[in-house]
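Sending over a structure as structure tokens; questions will come in a sec.
Just so it is clear, A, B, C and D label the chains in written order, and each chain counts residues from 1 on its own.
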Amino acid sequence: MNKFILGVAAAALGLSTQFANAEETLKLGLSHALSGPAAYFGTNASWVAQKAIDRINESGGVKVGDKVYKLETVGYDNQYTAAGGATAAQNMILRDNIRIIANSQSTSAVIATQAITERAGALLFTGVWGRSVKGPEHPMTFTNLNSPPEILPPLYKYVHETHPEAKTVALLNPNDASGQEIAKEAVIQWEKLGFTVVSNDFFERSTADFAPIATRILANNPDVVDVGGTPLPNAGHVFGEMATQGWDGIKIASAGSEAEALIKTGGDAAENTYFGLGAVFSGENATDTQRELNEMALVELKQPLNQATIAVWDSIAALKAALEKAGSTDPEAIAEVLPTLVFESSYGPSGFGYADIYGLPNQMLLPVIISQVQDGKVVELERIIPEEMKSKM
Amino acid sequence: MPAETQPLFAAEGITKRFGGLVAVSDVSFEISRGEILGLIGPNGAGKSTIFNLISGFYRVTRGRTVFQGQDVSSLPIWKLARIGLARTFQHDSLLKGMTVRDNILVATTQFIRNPAEREKRMSETIDIMGLGEVLDEKASNLPHGHQRILSIAIAFSGRPALLCLDEPLTGFNQTEVLGGLDIIRRLREEFATTVLIVEHNMRAVMSLCDRILVLHHGKLLGSGSPEEVQNDPAIIEAYLGKSE
Amino acid sequence: MLFDKLNLLFLATVAASVAYCLAVPGAFFVQVILWATLAATLGAGIRFVMLVGELNIGTSAFYGIGGYTAAYLTTAYGLPFGVALVAAGIAGGLVAAVFGYATMRTSGAYFMLISFAFAEIFRMLVVESDFLGGNNGIIGLFVSVEYEPYFAATVVAILATLISALAVIENSSLGKSFIAIREREEIARSVGINVLAIRVLCLVISSVVIAVAGACSGFITHLVTPNDYTFMIAVFALAYVKLGGEEHPTGPILGAILLTLAAQYLISFGAYQQVFFGTVIAVAMILLPQGITGRLRDLVRLTAKRTARDAG
Amino acid sequence: MSTFIQLLINTLQIGAIYVLFSLGLTLVFGVMRLINFAHGEFFALTAILIAMQMGWLLPDAPFWLQYVVSFATALGVLMALSVVIYQFGLSRFLGDLSSGFIFSLGLVLMMRGLIGQIFGNYPMTAPPLVEGAIYVLGGAISTQKLLVAVLALIATGGLLYLVFRTKLGMALRAIAEDQEAAMLQGIRYKRLALYGFLIGSSLAAIAGGLIAPLQVVLPTMGGELIMKAFMIVIIGGLGSIPGAIVASFLIAALESFGSYFIDLPVVTIGVFVMVAVLLVIRPQGLLGHVVR
């Protein structure tokens, strides 16, 4: 019995002394889903993060004042849940004494993480959408991925101008936090353009067969079907089922990032689908950095990268610039300089902005990429650089 | 009818049907206070069914059962137990994973909430049944004889007015049978318990019972004192006709 | 003998944990203690219903009911944490009474599957309830700043008390009735036990405790979301029981502590954490069918027998 | 009218897979008296093995040949795995509901994690074998889905023949009827239980193989289906084969018609509530007999 208590005490001591001697390396936290259905996003993003710090470390590390830091990542599985996110955050903040989390995924995990990081004054980067994670209540949170408020206006405008005859739209989204978020935004933006939203449906993530949903959506015979945040492999089945049931209208997958998967499952029915987050990192619009990374990913991960998984590259790039400019590793100091920066992201020069939408300039200014399936391949149509970024450059 | 003179229990034309099969057909009898009544009959005569009807495990299809002047045909078993009608089981008659003490405790608790009084009641039960030496044994580890006695102890813990015993002496040797009979007699003498007993050991039944009911093919064939029953030609016929 | 020692060990662990939580309130290990305490309560709660012989996968729903009740009352009405805890317990008990009255007539595989269904219904209902925040859940659960240093110690103390209360009930005559029902329901009935009522009572008691633990869980993660209360909660609770051993109340506590500590070291292994848990459960079922405490007891008995034989 | 036909077609196509999968679950319960939670992982693993092999094993062969060969190897792997799981694990828990259930939960976590690590968690797909669609009275079904539904119904027919017309089937039914008597027979029972388990597992595997070209293939896909299968076997009665068939199509119809006329999430909750109410009124399910 005494041995047991000793053991517990020893474990406690071991844990609390573990975070010392971090003089030359700066630890960056990663909170990704490494198990469950979203695991491949987490696995791939962790790989990108490693590539990003490798490149920085090889070129001499980060100069902060008169010290040089090497970067290191510490990753935890947030299991796509709030409890998982909280456990991961507590491990990073309390055990590993990490003050910068370079990327985090899954809305509920991130909300749980924020509760801890904002109070601890730690810096948090994330790609999740919700307006609720952004803004003045979360000054230490920065986002590194385009979200519906940035994507939808230019994407819908593009579709509207290309197909002026279309008047009605049906929305379909997964029944979860990100799906509800995007549906809300989509209704506003479509109605702004004079569209009628004829249906706004949600499906359980566990849905296996999309035939009933297709039947339901087609009952209103919409001109446009916008599958919003539906995972693209599923979206392929939705479109396939609709084609079978005789529908041939305008297809939009506004916020799905794994465009290739839609072609695989949709087959011919995927043809002409528009994407708002479906960058092609092997295409001619991509930057050299993106092409190079994507090629490595195809070899090492056997999968292409997408905008959600490459995002951590950009937050690490922003961090490096901010650390050097602030001359300090203090998260508050970094948070102060981040909005003033122009740094080199994987998309080219980038910064932070969108204070007009969120009340704080903490959203990364990235090009909105409109792409489309043409002849069984995803083709980028346009990379629209935000006006705010143009004025910064 | 004043409480003292009315029968303790009465079955009034009870019938039990399982699907198409009539297991018990229009049986009526009474059990008087303080008597020890035997229920006999060849295998398949309906003894178990009657037993289960009396103790509330089965619902009667027709007829009714009356206990202490109250119609109890539709009462659940646990309520019957609480108003003083208890039974034992032929098979698996114990809480095998629990100690002897806990077996008796569980049974006693339902009737006496006060811990001190409960202790008193329990030691009384243990004394009569002679289980004092095996109190902390797991019931499943007891020798067979003790197990049967313990099952009587469980049923008797509530000090029922009517105690129904289902083949309590099965597997006993001669000495054990005598011991068992002695305990049953003491229950009547010291606690005025009325007893209904189903038992295959004819000699034991004949020596113990005041009166005997004979069942055959789900019907009441006859009843009377042990001597009367033993000399009734119809009954002999039913029994001997079978065995030959 | 062994079990008496285990009881002492439990009390000592609780005392040490409370002391540590008070001494170093912000430390990481305090979080570990809190996770372990929640886990132990879940294990003790699910084991309690096993006393009447049923596997209650709905444990996760009662955990969630507690979590959501406390979260809703504190955020929507500004009630203090203590009041919310009590309310969570009451809510858990009331729902358990209704659910139990309807379902405790079934047993075995059927009860297990329907409790499974209940766990899923609860999650889906929460997702569909806008006033509970739908998929986003309820965010921002904090105790007041001045109370914060005592929060962890209080949670450990309260839950340890509830776990002890479960053990006391188990040893009382009521607890013996539970076991009697599991052993042989007909005998229980024949001695006057209202089996349905007692089975429901058992579920209610367990659910009150589970719901209070759930209420604490929200304040540890600072939010509640539907995905934190899936049936996996019950799966892990069962793992604690099976690893620690179900015969004695300290079994699930031991299992919970071991697996929580293991999880802290495994969390950086990503998906292998899941594989590890799965393997522990499967291997423990094969090698330690009675759990660690059961194995220990057998060993102690064996040694005692050997010594007796050698002496004799 | 055409909408009604379409919904009916949807019902048929969803129900066909449900039937196959839940028959396996209910058969395993009947024979082994345990609920195999890993049933869904068998389903997922087959689908993954097929999706992985297609385009890789025989890259130049026609799709249907690739499919048949991948299907056969995947089934082989699954059968071997089932034998191992039975011998070292499940056979120890025959008739022990809680231990068997928890053991199979451990298997689920193990298998799901390992499948993800070995094959990647990336969503995979198998290409359809046939293109095009068939139109019936104004309703439409893709040829691929029709093919799958027909194959699933043939497999179901095969199982029914096996269970009701062969000696092995009679023995299995006898076990399901009287577990205690069967268990007393010892070795013979253990061997028959293995056969029952293998048949049940292969039904899950066949369902997985059939669904591979129709659905996004992910390591977690089995967990989602098994929830529904639980509902199906409760409604149909644990261990009841006709019950599982009726309940499968009942649930499929509720999902198909319900998601058209009402919201799908509401329908799902409705199904759960219906199951709860049914259990209170009729604990043994629609066509089951009391199992305690």
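Please note the rule applied: a residue touches a chain if its C-beta (ideal position, glycine included) is under 8 Å from a C-beta of that chain, and two chains touch if they have at least 3 such contacts.
Note that this is a predicted model, so its numbers are computed, not measured.
Trainee: Starting at chain A, how many touching-chain steps does it take at least to reach chain B?
Mentor: 2
Trainee: In the chain contact graph, what is the shortest path length, in steps, from chain C to chain D?
Mentor: 1
Trainee: Closest chain to the overall C-alpha centroid, by per-chain C-alpha centroid: which is it?
Mentor: Closest to the centre of all protein C-alpha atoms: chain C.
Trainee: Determine, using the mean of C-alpha atoms as each chain's centre, which chain is farthest from chain C.
Mentor: So the farthest one, by centre of C-alpha atoms, is B.
Trainee: Tell me which has more C-beta contacts between its two chains, B-C or A-D.
Mentor: A-D
Trainee: Please report how many Å separate the Cα centroid of chain B from that of chain C, as a whole number.
Mentor: The computed centroid separation for chain B versus chain C comes out at 43 Å.
Trainee: Based only on mean CA positions, could you tell me how far chain A sits from chain C in angstrom?
Mentor: Distance between chain centres, rounded to whole Å: 36 Å.
Trainee: Averaging over Cα atoms per chain, report the distance between chain B and chain D in Å.
Mentor: A distance of 50 Å separates the two centres.
Trainee: Could you tell me which residues belong to chain D and also touch two or more other chains?
Mentor: Residue numbers touching two or more other chains: 112-113, 116, 121, 227, 265, 268.
Trainee: Can you list the residues of chain C that touch 2 or more other chains?
Mentor: 127, 271, 273-274
Trainee: What positions in chain A touch 2 or more of the other chains?
Mentor: Residues 35, 39, 43, 175 of chain A touch two or more partner chains.
Trainee: Please give all chain pairs that are in touch with each other.
Mentor: Applying the touch rule to all chain pairs gives A-C, A-D, B-C, C-D.
Trainee: Applying the document's contact rule, which stretches of chain D touch chain C when the two form their complex?
Mentor: Within the complex, chain D touches chain C at residues 29, 35, 88-89, 92-93, 97-99, 101-103, 105-114, 116-117, 121, 227, 230-231, 233-234, 238, 265-266, 268-269, 272-273, 275-276, 279-280, 283-284, 291-292.
Trainee: Applying the document's contact rule, which stretches of chain C touch chain D when the two form their complex?
Mentor: Residues of chain C touching chain D: 50, 55, 102-103, 105-110, 112-114, 116-118, 120-121, 124-125, 127-128, 235, 238-239, 242, 271-275, 277-286, 289.
Trainee: Within their complex, state which residues of chain C touch chain B.
Mentor: Touch residues, chain C against chain B: 173-174, 176-177, 179-180, 183-184, 186-195.
Trainee: Help me check something: in the complex, which residues belonging to chain B touch chain C?
Mentor: 55, 57, 76-79, 81-82, 86-87, 89, 92-98, 102, 105-107, 109-111, 118, 154-155, 157-158
Trainee: Quick one: in the complex, what on chain A touches chain D?
Mentor: The touching residues are 35-40, 43, 175, 201-204, 206-209, 211-213, 215-216, 219, 231, 233-234, 236-237, 240-241, 244-246, 258, 261, 264-265, 267, 302-303.
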